[in-house]
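Following are the structures in question.
Shared between the two complexes below is chain A, which pairs with chain B and chain C, respectively.
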Partner chain A sequence: MIKKIIRRIKRQPLPCIAVCLLAAVLSVSLCHLQHSLEEERLSFEQTCNSIPVHFKITELDGSKFEGKTGIAKWAMNEFLLNDGDFNKLSRELFVRVDYKGVIPEENKEAVPTTPFSGITSIGAAEELSPSRGSRVRWYEGYDESIFATKELVCLVPEDFKGGDEIEVTFTGKDKLDLVIDGNKTEINRSYVQHTAKFTVVGRYTDEGNETVYCPYKTMVSLLDMIEIAKETCVSYLGATLTNSLDIDKLREARAKWFAEPNPTGEQTPWEGEEAYSKYYLYALDIEDSLLRTLESNMKNSIFLNKFASVIVFILSAGAGFLTGFLIIRSRKREITLMRTVGESNREVYFNFALEQMACAVVGIVFGGAYNLWDPIGQLLIFAVIYYTGLSVALAIFLRKNLLATIKEDE
Partner chain B sequence: MKNLRHLFRQPLKTVTGIILVTLAVSILCVSVGQAFAVRMTQQKMNHEFTTVAMLTNTYTVPEDVLSWLNKMAEEHPDVIKMISEQGFLSSYIPGMKTLNYSDPEDGIFYDTGITGPSTVRPWPHGRPYSCAMFVITIDSVGGAVEKARTYTTSEDLTLEDFATHEEYMKWREENYKTEKLTYAYTVEIVGTVNEVISLEEGFEDPTGRTIKLTFSSPTPRNKDMTAISKLKKGEQYIVYGMDYRDKDWQLRNQLKTGESECTVERYGLITHVTAEIDKFDLSKIHVMTDSDKVEYEKKYRASGEIKLVNGKVTLPYARYDMDDGTKVYLSQSQYKVINTVSLTLGNPISQVNYEFIRDREGGPVKEVRYITEYTYFDGEDYVACTADEYTEIYKIPTFALLEGSAEEFLNSSAGAEWKAALERDKINNNCFLTIGVDHLGYLIDFVRGDSVITSGRSFTSAELEDGSRVCIMHEALAAENGLEVGDKVTMNFYHNDNVIPYDKKATGWGDYLAPNAGFYYKTTPFTETEEYTIVGLWRGELLWPDVSENEYSFSPNTVFIPNGSTVTELDRNESILYMTPVVHNGKLEEFRHLAEEDGFNDRFHYFDRGYSLIMKNFFNYENMAVQVLAIGCTIYAVIILMFLMLYPGSYSKSVRTMESLGVSYPKRVCFIITASMSIITLSTVFGSFLGTLLWRFAVSALKTSAGAVTELFIEPGTLGAIVIAQFVFVLLLDVLVSLYVATPKKMSARR
Partner chain C sequence: MSISLKNVSYSYRGKYQTVRAVNDVSYDFEPGKCYAIIGKSGSGKTTLLSLMAGLDLPTEGEIIIDGKSTKNWNRNRLRRDAVSVIYQNYNLFPLLTVQENIRYPLDLRRMSKKKATELATKVRERVELSANYDNRLPAHLSGGEQQRVAIARTLAQGCKIILADEPTGNLDSTNTANIVKILCSLAHDDGCTVIIVTHDPAVAEQADAVLQMKDGAWI
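Showing the complex of A and B:
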């Protein structure tokens, strides 16, 4: 059988080579098309992932969270604990706790007036960002990474007069002792206090800002010592999504715990198992406008590319069908001769079909090797459609009366 | 035509040929379409992403920076795209309420203060002008009080100018001189509000409450001062002012936020905390007696939270007893404002208008001069005039004796000016700052993400180029007025009168930051009325931003429109809000290098909204699209080749027959070309039609905004050019094949 096919091919090399080449080129093209689409998809994902998506807690109307009464513990846990819904999705947390301390050298009245902020990074203190016109001058050997530590270090304003070592007293929870002595009741009031010694490791320029910035963990442990719950001092809570494409998961998590910012700031009923109050207490603002811009533009384009690829495939398959059809038609004479010498229609069909399929398969095999025959499905469909084309041509031709065919040819 | 008959002899072959080439042309059209879409996407992304430089540590654009930028823009147009200059106008939008900065429902109130913005938000109290007109009964008229300021007449040196403290103290003893200057005389009039003629919505009704009116004048003897001194207790007056304040409400809010300190007693303990008082019950306010004060001091010291001033306890003036037993202790100044409102009366010249003349900045005062020459804006240019002329132009009603009802007075000729003021106030309460932009992404607040589009979209490049009548407003403003994306508003534009004395620009920031709508007045008539469509809503970090933290912020009463959408020329000033150097996307490093070379790098901070992060990947994406195009073209070429083999190529037998019959070579060539080209022509038409149809179907199926969809259609001109080009290409190939097939062959070859 194979020898017969080879003999037949040798007799009419040009059309067979043409079929081979056509199949090879179309296979290469279709494989490359698929490969390009896959790379496009990866490129799209990489592009989207390179856009950081930040999200943060805001007031219900989307405005900056003022943090005057801190934040509920459950909200902090969702961000800070490992099994928290937002912790699982985040790669960088931005937390800020504010408390006032007393630097006795500066403040003889001992009234806590010096604002201290414990931050996880500069991202939690937007006023320090260069985009706000601020500049930070770190002492040698120090940089922003100090905010990830638990050391007693701090960043102070450029014009801070306290020197490079500052002692700060924090006053916390007040204690009331009732002393009952007969008919007299005396109230003794005292406070939990703690004094810490900070090392200044940098200075910043930001007009009008007097805040001293220290690591978040340091501040939290100081608050623990003076028995103040850190949640009551939180003024910023946000994070960056690890994978920007997980934005839908982030939105799902948001729906569970926070409202979407709305311009009127109206309260939205908090439904579901996790509700801690009748209404959502806070909103979560997801800064995804850039991602949405990019996504919508690129997704449109990718959709159109996919559509174009499908059309190209369909049209190419159609072209394959027609090519098979036309190639058979161009060998009408040969087929007529074979019928005349007594070959049955079945034999003629098989001979031509096998010959053409052999050429097509060789072409597909060599062409498909470019992309390791991926997608094999499309290559097979192409082969089948080509085979269908030539089968239809053969069927039409073989059904005709032999004499009529001979007369036509004459 | 004879040659075409040949086609009808083999109709099936002809039809399949037409279908084959149609498919090839469709493939070409679709491939080009997707490449075109990617190019459009890239252009759109180039438009959406902006790269800008932000000036740091300044409120106005310094001259040296501006000259340098202009020079760089000329010398390096491939790096600097433009120096974008935003302009502004004010617009009156009938029926549209502004957002009230001091909306009592909000509960948050910050007084603007005059001293400085560092701890306050500098948005003007009121929405945006707290104009008020009342009928009052005079309770008392104070005498003229002299207002004086101390200024130094010697060199104003400090300790740092001397080597030692002793030297400084010695110099102060011998040289430091000051003088007192009386700059104004004020009269305080206390009355009771009988009727509210006009007051901004949202304020509590002050009827029945005490009103404190302040009138000031540079001299004690001008006609207004004379008239004021004749006010009699018990008389009824109609009064008008532009800085109404509800001092009672202000105090309650300040006690709530802690901005005004008080002490609170609960369970016998006195602490420095905030107090929430919904409304003062006047029957529960008690002025402290001496014994009350002694008792207070004992309790205060026992409570532990002690704040001493010069070693002494600050004793309160009054006590307010709340329903729940809490006692709130207030100072005398706090007590005085309970149940009071205030208003300032006066015309421009009766405000304080003087200036210190010095030889140098910060030097000693040489002379004090009252301003007698003014400039005013008459719509064309500034005009100088005398103080009296200025007052005549800008005067407002102040006070008038009311003998009948207020309505009668307003309808009389004497009340015409007052009626005009009321009408003007109605307009001013519906005015908005309108900023014309080259691109929303050139505004720093947007480019760094503090302000974002929350609904709808930003302006498209077509809208910005054409100056379309579209606008973007704050989402809270839209919600307040029941507006949504797609709604239309009618905007009446007018210029700002920069010399009007009533313009409530944010105190302390001058003309440059925290801008608001200008005061609508007869000197600034409407220049243009147009209908605008809302295409997007925006939101800032805070509804009322703290300008000391964010100089580039805008109030929610700001509307953005494309530059060029108005016939009226926009106003401009040197504020950093309105000038942005724009760099071509991807050229940030080049710009930074240029700035470093000329020593300007420290003056800027840069934003590119992440363009540099994404573009590397985006370029890969574009390459893929080009490859898809190449594949489409390859498939097209292969199919055309097949066609040429199967059609012109298959005529060799017929051509040899024609040759043997003696048909000439050109006629044989013509025969082949005519037959095959007719198929190609028909197929080109069908193929381009099918390809375009498929593409339009795909683009229309996308659920995107109208603008995005429109941009992804292939321009008819481009499509036409591609179709013609491929037709010419195929024609040429067909001619070549025909020439080859029709060439006479040797006898052996014929066999």
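Showing the complex of A and C:
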């Protein structure tokens, strides 16, 4: 059978070459389209990932905690300590969690000389962000990573008086001891105090801001020494997603634990799990507008390309079907003859199917090979093939004897 | 191999009505004889021939070939082994050479190449074609030569019933005489049952028996 097929292909090369070329062109188009779809998808992921998605916990109206009580202790534990549910999520999704600790209002005399904050990164102190006109000048050998440590270092305002080492005295709550000595009763008042020497590692410019920033862990350990660490508040809690495409997981988490910030400050009905309803005291502000715009634009473009690819596929499949159909129709007589000499339908089918498949496979192999090579534009190749076919057909017909052609038609 | 028609009728559904092309036809064709079926166009002779060739089954009655109704024959096997048809337009495979055309039925039987070539050469010589024709394509042959190749293919097939549908319709008188001579010799010398459908009285004259059809029935 294979010999018969080869013989037939050799003796009628033009239709076979046509099928071969058609298969090659179609496979090139389909491969190319698939390739560009894949590239577009990768570029979508890369572009989305290059846009950092930050979020922060805010009051229900979207305002930050600054100057307010700050996030409650139980919520803080949930987000900052390892046993919290949200913390498990943060380990999975967030590249960095930023927070800023402040001394609560009722203990503001703990550091009477200057406002004092503990931060995990510059991102936790929004007032220091370059977008707000602030600039940080680091001393040699230091950078932002110092805030992740527990060292006695600090960042001070540019015009902060004093040298590169400052001494801060932390004073705890007053203690009242009742002393009864015979008939004499006295009340002794005492304070827990601790003095720490900070090395200045950099200075910042931010008009009107006089806060001294130290690493969050350092601050907590110092406040622990004066026994007010448990009352530390977090005035900023935010994070950055490791992979921006995980934003849907973050939105899911928000729906479970938080409200969406509502500028009117009104509390919308709680729709999350009952167990987490207590967190509904807070909103989670996801800064994803840029990502959403980009995501929507790119998704539209990918959708259009996918649609185009489906159309091209349907057209290609249609062209392939029509070619096969017309080729068989043009050889109806041969098929009838094969049947009249006793060839079974199955034999006839395999004869033709294998012949056409052989041509198509050769075309697809060439198409695939071209796709790997791919140096010239698809359009150019198509034009060249089209004009070659046209020219060959014209050359053949124009060289024929006119009388012979007329007789052939008769 | 004998062929018998027993009350054979055949109807097909036309565009507006059902057409009864063959109407209650009976006949026993004997081996070793050459028969001619004549009749006007549309009299049903080609339809009858097609039924005998196993291209379709009669709607009523039956055709008995070698003692077995065509309904019980595997029709591919019937066309391959028992009944061979020669057509007016020769029906040669256009992409195969003369020798490949003659060998085609032998290849279907998976005969060895050597044996098939020997047999093909033998039957080619029988229809008086020289070895020069072996590698020619049908398009390069005259009508008479093409019909002789078709007969050679039939001979190679080895069927004992040979049906010819207007085999000389496209040929001149010399070629017609040659072809009819070959067909008659197949009946008389090889013991085949040869049935020729024709319009040509000269062809019918050569046959051992002439049957005339009108409106799907014998006259």
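Here is the rule we use: the second predicted complex is superposed on the first by the 266 of 410 C-alpha atoms of A that agree within 3 Å, B and C clash if a C-alpha of one lies under 4 Å from a C-alpha of the other, contacts with A are read in each partner's own complex, and residues count from 1 in each chain.
Criterion: a contact is a pair of C-beta atoms (placed from the backbone, for glycine too) under 8 Å apart; a residue touches a chain by one contact, two chains touch by 3 or more.
Computed from a prediction, not measured in an experiment: that's the story for all the values here.
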{"item": "Touched partner set for A:Arg7, first chain B, second chain C, both or neither", "value": "second"}
{"item": "Per-residue contact with chain A, leading partner among chain C and chain B", "value": "B"}
{"item": "Which of chain B and chain C A:Ser344 touches, first, second, both or neither", "value": "second"}
{"item": "Touching partner for A:Ser29 - first (chain B), second (chain C), both, neither", "value": "first"}
{"item": "First (chain B), second (chain C), both or neither touched by A:Glu274", "value": "neither"}
{"item": "Partner chain(s) touched by A:Glu334 [first = chain B, second = chain C, both, neither]", "value": "second"}
{"item": "Where chain A meets both chain C and chain B, residue numbers", "value": "none"}
{"item": "Residue ranges of chain A in contact with chain B within the complex", "value": "18, 21-22, 25-26, 29, 32-33, 36-37, 39-40, 43-44, 46-47, 50-52, 61-64, 109, 111, 127, 130-133, 174, 176, 186-191, 207-208, 261, 263-264, 287, 289-290, 293-294, 296-298, 300-301, 303-305, 307-309, 311-312, 315-316, 318-319, 322-323, 325-327, 329-330"}
{"item": "Chain A-facing residues of chain C, complex", "value": "53, 55, 76-81, 84-85, 91-96, 100, 104-105, 107-108, 137, 153, 157"}
{"item": "Interfacial residue positions of chain A with respect to chain C in the complex", "value": "4, 7-8, 11-12, 333-334, 336-344, 347"}
{"item": "Footprint of chain A on chain B - complex, ascending", "value": "12-13, 16-17, 19-20, 23-24, 26-27, 30-31, 33-34, 37-38, 41, 44-45, 48, 54, 56-57, 118-119, 268-269, 302-305, 307-308, 448-449, 452-454, 474-476, 478-479, 537, 539-543, 548-551, 605, 607, 609-610, 613-614, 617-618, 620-621, 624-625, 627-628, 631-632, 634-635, 638-639, 642, 645-646, 650, 694-695, 698-699, 702, 704, 708, 712"}
